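Think of it as A, B and C in the order they're written, each chain with its own count starting at 1.
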Amino acid sequence: MPLLTVNQLDKTVDNNHILKNIDFQISKGEVIVVIGPSGSGKTTFISNLNFLNNADKGEMNFRDKKIDLSSPKKDDVLWVRRHIAMVFQNYNLFKNKTALENITEGLIHGQGKSRDEANQIALEELKNVGLSEKKDAYPSQLSGGQKQRIGIARATALKPDIILFDEPTSALDPELVGTVVQDMDHLAQQGQTMIVVTHLMSFAKKVATKVLFFADGAILESGTPDQIFNHPKEKRTKEFLSAIAEDR
Amino acid sequence: MKVIKILAALVGGLPNTITLLIASFIFSSLIGIGVAFLSLQDDKVGKSVSRVYIGLVRGTPPLLMLLLTYYGLPKLLSFIGIDSNNWAKIIFGIFGLSVGWGGYMAEAFRSAYLSVDEGQIKAAYSVGMTGETALREIILPQAFLIAIPNVENLLIGLLKATSLVYVIGLADMYQNASNLSNVNQGVYQLKIFIILALIYWILASLIEWGFRTYQSHFAHVEA
Amino acid sequence: MDFHFMIDSLPKLISVIPMTIYISVVSVIVGFALAAIIAIIREKKIKVLSQIFAVLVSFVRGTPILVQLYVIYYGLPQFLYYLQNQGVNVKPGSLPHLVIAISAYSLNAAANLSETIRSAYHSVDKDQYQAALSVGMTPSLSMRRIVIPQLIPNLIPNFSNFFLDLIKDTALVYNIGIIEIMAKSNIIASFGFKYLETYLDALLLYLVICFVFGKILSLTETYVTRRVFSGKTHSVIKKTPQVDETEAKVGGN
């Protein structure tokens, strides 16, 4: 039984049909990687999953609960966000909070945990990404790689059913990408359900259970990494793959 | 009292208001450019002078600026042997407003210049432009665009400040309204000032519209 | 120029500084409270109200404060008469000039500061709000804990500029019979036509007042910016040995 199912997700903005009746599903433990050209709607797609973006039409079935994607109830939205977390391309750490506080904010004010419990969880998470000594540092004092790893810690601390990654390494220097990828690989090994939008084909090949090729607002092709990368069926897919000659 | 009558009386002061506005805008811009230029040089004296000037102006009520100009300028001029007793009051009005707003203009130009992306300057040099050419072709045009919103605000501020010239006895729109109101003790006073306010508002909106239209021509230049 | 006169007149002018400051401070506080409400209404795009306020703000910002002063001076009593006719318990008879002045300056402040607040609000990265939502915080908590703290450092410089302008604008209030610096200057100057001297004295006082308030606000800005974005309340230059060691080990990353 899939953990999350999306039916007929559709969105148009200013005559641009950004998302064309998308059907999607993901089961527990799956790591689905979404690839595709810029402007294809990948980011809009996953931001709909935690309602940071709203759709014109569509239905979500999450943990056996049906939610209308075009006009969801406020309580449903909050409930989903407490179970589906997000890691952003530009980290988006709270600039006015320390590293530790960035993690506890969601625990205390989103999930309603006590400050003590939240601190405990947060310290644990920081230890896992090896940044314990930076717990009182503010984002302005951290490097890009550090910020992103704390961004991931902020998401994992919520113990979410699914973590959405929106191009998590695109804003990082190449030599920092490796550490973040390592963290993500780690999570996948531990069975975390993940949906990852990325340009990192190496990550997709190694960690993904399924790869989706997104183009012009629709899922053009889907399959295992081997199927997509080595035996792409669609012309568009082939074009895209050969255009990304370099494996970043 | 009929609205038309009020309008006619007020509009009589419009020429002075507009003259003050345009003349002061031109002169204050010139002063502003000069002072901004001075403040950006490596010259310590120039920097201090410009800083003192800007600081002074920012702490002085426009009303006082006009009064000090009216009473002080003749004295200063008499030291260099110029007799300003017969000068039209509007000259003092323009002078006071220009000197006053020059400080704000200088700030606007200065900060716009400093806001131009450093990368632009580096790129200009890297393709072989001289300092002067880079300034002319790349930096100043961009600084100009950056300054426009601030200049627009300052121009509208200047429009509002013209109402203060009553204090040196100059007949602009406000002065006309004030006279009209004094002559007609009674109910019309509110009407008079509301109509006056509406005229200023229309002028301010025209300025805003003008700037918006002008700026839309440059929308393609991502400032 | 009569320097003696200038020195003698100073104490008399200084004695009315409290009035100048009183009007400025009260007006800016009332104005700011109203401005916050207006800004919220306009940003939430509440139907009808936000359009009305958009027009009112544009009107107040596009008309001279002197004219506004007279509109309130002649208009407020009439408004109160109207309210009285509707049965509201007010006494329009003797409306203190101070109330009129503060009303006019407060409304002016409300209009101008609402724009200041809005631009500070827009200066905060939209992503910060999105990130707060993404960890499950309600919209209002997200605003309160993440967005608003970050807009305050941006608000202060523009607030400061406006406040100083307000102080200078109080120089007009003598027109409706309130004795502050300009009024006193005119009174003193008329004793012997020493206009230039008195006005120079007045200039000195305004410069000092603006400098002091400007400095206070500038220091506040530095303090608040540091506090919000780095948790420090004063600049700390000491280095703790642990931090250095760890930096060396992890390769400064």
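Basically, contacts are C-beta pairs under 8 Å (C-beta built on N, C-alpha and C of every residue); 3 or more make two chains touch, one makes a residue touch a chain.
Heads up on the chains, UniProt names are A = Arginine ABC transporter ATP-binding protein; B = Amino acid ABC transporter permease; C = ABC transporter permease.
Here the structure is a predicted model, which means the values were calculated and not measured.
**Q** Just tell me the minimum hop count from chain A to chain C, counting one hop per pair of touching chains.
**A** Contact-graph shortest path, chain A to chain C, evaluates to 1.
**Q** Compute the centre of every chain as the mean of its C-alpha atoms, then state which one is farthest from the centre of chain B.
**A** A
**Q** Looking at contacts between chains, which pair has the highest count of C-beta pairs?
**A** Per chain pair, the contact count peaks at B-C.
**Q** Find the geometric centre of each of chain A and chain C from their Cα atoms only, then give the gap between the two centres in Å, rounded to an integer.
**A** Distance between chain centres: 44 Å.
**Q** So how far apart, in whole Å, are chain A and chain B when each is placed at the average of its C-alpha atoms?
**A** Taking the mean C-alpha position of each chain, the two centres sit 53 Å apart.
**Q** Starting from the mean Cα coordinates of chain B and chain C, work out the distance between those two points in Å.
**A** Using C-alpha averages as centres, the distance is 22 Å.
**Q** Among all residues of chain B, which ones touch two or more of the remaining chains?
**A** none
**Q** Any chance you could list the residues of chain A touching two or more other chains?
**A** Correct list: empty.
**Q** Tell me, which residues of chain C touch at least two other chains?
**A** none
**Q** Using the touch rule from the top, collect the residues of chain C that touch chain A in their complex.
**A** Residue list for chain C touching chain A: 125, 127-128, 130-138, 141, 145-146, 149-150, 228-231, 242-243, 246, 250, 253.
**Q** Residue numbers of chain B touching chain C in their complex, please.
**A** 55-56, 58-64, 67-68, 71-72, 75, 156, 159-164, 174, 177, 181, 189-190, 193-194, 196-197, 200-201, 203-205, 208
**Q** What residues of chain A sit close enough to touch chain C in their complex?
**A** Touch list, chain A to chain C: 50-52, 78, 81-82, 85-86, 88, 90, 92-98, 105-106, 109-111, 130, 133, 136, 138, 140-141, 143, 145-146, 154-155, 158, 176.
**Q** Would you tell me which residues of chain C are touching chain B in their complex?
**A** So the residues of chain C in touch with chain B come to 1, 58-59, 61-68, 70-71, 74-75, 78, 164, 168-169, 171-172, 182, 195-196, 199-200, 202-203, 206-207, 209-211, 214.
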